[in-house]
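Which chain is which? They are A, B, C and D, in the order written, and residues in each are numbered from 1.
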Amino acid sequence: MSAAAFTDEEQMAVVMARLLRGLRHVAVGALSPLPASAALLAQALDGQLQVTILGSKRYLKFTDGGRELFDCAAQGRIDAFFLSGVQIDGEANINLVGVGDYPKPDKRFPGSFGSAYLYHLVPKVILFRQEHTPRILVPKVDFVSAAGRSPSNVYRPGGPRHLVTGRAAFAFGERGFSLVSTHGGASAADIEASTGFAFERAAEVPSTPPPGAEELAALRGPVKAAVAEIYPAFASRAFGG
Amino acid sequence: MSAAAFTDEEQMAVVMARLLRGLRHVAVGALSPLPASAALLAQALDGQLQVTILGSKRYLKFTDGGRELFDCAAQGRIDAFFLSGVQIDGEANINLVGVGDYPKPDKRFPGSFGSAYLYHLVPKVILFRQEHTPRILVPKVDFVSAAGRSPSNVYRPGGPRHLVTGRAAFAFGERGFSLVSTHGGASAADIEASTGFAFERAAEVPSTPPPGAEELAALRGPVKAAVAEIYPAFASRAFGG
Amino acid sequence: MTRLVPDLEALLEPVTDGCSVAVPPDYSGVALAATRALLKRGVRHLHLIAVPQAGLQADVLIGAGAVGTLEAAGINLGELGLAPRFTAAVEAGAITMRDATCPAIHAGLQAAEKGIPFLPLRGILGSDLLKVRPDWRVIDNPYGSNDPIVLIPAIRPQVALFHARMADREGNVWVGVRRELMLMAHAAAQACVTVEEIVEGNLLDDPALAAGTIPALYISRIAHVPGGMRPLGFGEEASDEAALAGYAKAARTEDGFQQWLKGWLA
Amino acid sequence: MTRLVPDLEALLEPVTDGCSVAVPPDYSGVALAATRALLKRGVRHLHLIAVPQAGLQADVLIGAGAVGTLEAAGINLGELGLAPRFTAAVEAGAITMRDATCPAIHAGLQAAEKGIPFLPLRGILGSDLLKVRPDWRVIDNPYGSNDPIVLIPAIRPQVALFHARMADREGNVWVGVRRELMLMAHAAAQACVTVEEIVEGNLLDDPALAAGTIPALYISRIAHVPGGMRPLGFGEEASDEAALAGYAKAARTEDGFQQWLKGWLA
């Protein structure tokens, strides 16, 4: 299978889906087609995974109003969630508010939504952002919508565990981000040049395993069909085959 | 109309109903047939009054579960409520827990239910108890389920305003209980002898105005019918005519 | 991943000795058939949480010696008056009583539902409940000044146990306006439910029914037990008043209760 | 005591200049016809509370200069991207922004619903939101030790404004699973609602519908305005994507927005 045999979105979805293995329940926020694809792919390959997708009718089983997602997370009933940022820094802080000084930023973005809360309460938060540039992956975010780390006395069952971009996969731990693998043909040096924060890496960084046949078949079959219910434009653009 | 032309319960219901004039919304707790009768009588004579009766299907319009009555009261949407006690003292403290020392009382009663909360939050709480004896109306309750008074710094939009027994009506204010009127043929001296706490009284205490023709007609017609839905035994016993 | 279990024994596996169990009031769907099965199994030392009050179920469990601790705002047999085994047990010091007030139990469950350690609540100040509930704290309202306010700690039952109108095969349970059952399911670690009926299809697919449905996410086990609340009533179905009066009369004495219990468990 | 009013003018009397108004997200029943009527009347200085986010409605109100303060966890046009009048107004310092996070807005409304001054909430610590929201306090959890926890003060809107599927002549409003609308009605001093349909009978008499119904007790005024949420969708009805895309394109510039607004208010 050649590199052109799958799209960048398919590669990202596959990487993120693999991170959901063995979990019971993953939730996906609004306006998150890539995480939705990843969650549905993981479900297609592992029927035990429950998937909640805000903005979907079929994958939203809540009956207690807008607060239920957040209460549910606090009850420990959500194992994984996805967050993105207009900026993400090396401490895994994310910024969804604006670039420049608050309250009159140079560029305002929508706002923090549930990030400040869910980042603390969902055990496995997966950061994602297709664009991998120093503009996004910055040394320090201009506004901390949600903090990557907390002092040890802070109640925090959850937090960032992974970062997946269009070019690489990172893990996040005690010592910050570490490069796990690269994809889309990027070298480790490419990743260093396009990342605004420092990260750990081995001397040899493996290539991200490309989508397997089963993964691609699921993505382009049932996953694409389900994603199209919520994100028709994304579904017709992002999936090959 | 002779004294025998109406029952003691009808007299109490009429006294309590008169205290509800001009209000928007009165709520009645579970197992409270007399207050339910009073509330429905007040509604029959003043169509504007909304009546909520716990335990009823027809008069319970809540859709947020068991907490709604209490939330609703805290929102200021309930103007009056009725409370009783196995003991009531001169400070308007009420006891619904037991007689004797806690936690092993000589005689245990069901418990405080919502009294400790609603007594503070509903503007006009009407205490009621058909039995008027020193056993019930005591100098000091053995257990304060809900306190009659609070220090001035305590948030307390509500509290006791009246006490209606089978023999008398009292008002409650800064200076404690004061005897408003007696009924069932009791003299002020009778009331003093059968009340375990001190109260204020004028030299001449009027008789409670007996039920009027319109009140009795409503009580024995639509009110009796509605009460019978919830309290059939009470309805057939308590209403004359 | 079906939550439907074949019998009450399987339903009640999570209700172990010493377990904290939240139960609804008499009008809201009491799992009495399940209660009988618990007693047949000989469950002991339950920490029973009445949401916020209870009646027949609590009285029977207490009378049978299955309750170690009882948290409730009130226990009685409704119009039939005092709950005799409850009052006898408290007067004898045979159970640990945690007296509460109705909204405090709702608030404690809401705190658990929100994953927060406590909820503040107005009122209560001046009540002796504060003396006998040292876990209810009083702080000065940080948004006020010299404004004491009571804090109620979260109530996190290990099991919520109740009877509901219907469930589907996905594990969704319809409770209608009886939202305290949904609160209990959200707050508890596990919810074990008996239902009148198993319906085909998915309750959440019907916009009207969905509004009164607890999603399967919060439900651990469901058993199909028609009449599982009897002799109590439920929705449109009236209580068996004669049976309830019979209980109330029998339970006035320890002997009478034991005889009644023998018959009930037979 | 009917709550049914003949027109939007009567519905919107409670929404005075400077009023705090809670509004739902784009998928939950946005009263856009009412919003247009407010702008025609020339409402000013609104304190808009998005529960917990908003889109078209907030962008239009902001673009028209009707908003003084905005409290929200996020404002965008969904898949159409940024809300251009919102971002322009914040970048210009033209409105006072109270940035929030979704669960904090729900928690603030729940505190108002319960008549308590605040609710604690986990998470948030370390976020710059705490720096820009001095009304969010941090205390040491009285039930823990060295355990900081955030407090969110009650949010008590003067008006809750939304569009719902149906109401009856008693003033009960059915919202189904959209319980944030019920929370808004409970928390607000007044609820003003436009509905698709007025139904005969009483919604609370049907056990299935009752479960998703806001009782009339919490509803101030209802106006019958079919399509009152358009061009947004609602329930089974899809959004008018072309109209929304047209707005998103026009609103990219101040001039484009003003022209769009003129057409909308014509």
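Definition applied: a residue touches a chain if its C-beta (ideal position, glycine included) is under 8 Å from a C-beta of that chain, and two chains touch if they have at least 3 such contacts.
As the structure is a computational prediction, the values presented were derived from the model and not from experiment.
**Student:** Listed by label, which chains are in contact with chain B and with chain C?
**Tutor:** Expected: D.
**Student:** Compare the CA centroid of chain A with every other chain's and tell me the farthest one.
**Tutor:** It is B.
**Student:** When the centre of a chain is set as the mean of its C-alpha atoms, what distance in Å lies between chain C and chain D?
**Tutor:** Here chain C and chain D have centroids separated by 36 Å.
**Student:** State, to the nearest whole Å, the distance from the C-alpha centre of chain A to the C-alpha centre of chain C.
**Tutor:** Centre separation, chain A to chain C: 41 Å.
**Student:** So how far apart, in whole Å, are chain A and chain B when each is placed at the average of its C-alpha atoms?
**Tutor:** Those two chain centres are 60 Å apart.
**Student:** Can you pull out the residues of chain A that are in contact with at least two other chains?
**Tutor:** Residues 62-64, 70-71, 74, 121 of chain A each touch two or more of the other chains.
**Student:** Among all residues of chain C, which ones touch two or more of the remaining chains?
**Tutor:** Answer for chain C, listing residues that touch two or more other chains: 107, 110, 114-116, 121-122, 144, 147, 149, 177, 182, 210-212.
**Student:** All pairs of touching chains, please: list them by chain label.
**Tutor:** A-C, A-D, B-C, B-D, C-D
**Student:** List the residues on chain B that touch chain C in their complex, please.
**Tutor:** 30-31, 55, 62-68, 70, 74, 96-98, 102-121, 143-147, 149-150, 153-156, 231, 233
**Student:** Quick check on the complex: what are the chain A residues that touch chain C?
**Tutor:** 25, 48, 50, 61-64, 70-77, 121
**Student:** So in the complex, which bits of chain D are touching chain C?
**Tutor:** Listed in rising order, the residues are 107, 110, 114-122, 137, 139, 141-144, 147, 149, 151, 153, 175-177, 207-212, 235.
**Student:** Spell out the part of chain C that touches chain B in their complex, as residue ranges.
**Tutor:** 25, 27-28, 51-53, 72-76, 78-79, 82-83, 86-87, 90-93, 97, 99-104, 106-107, 110, 121-129, 132, 144, 146-149, 177-183
**Student:** Would you pull the chain D residues touching chain B in the complex into a rising list?
**Tutor:** 1, 112-116, 172, 182, 186, 204, 210-218
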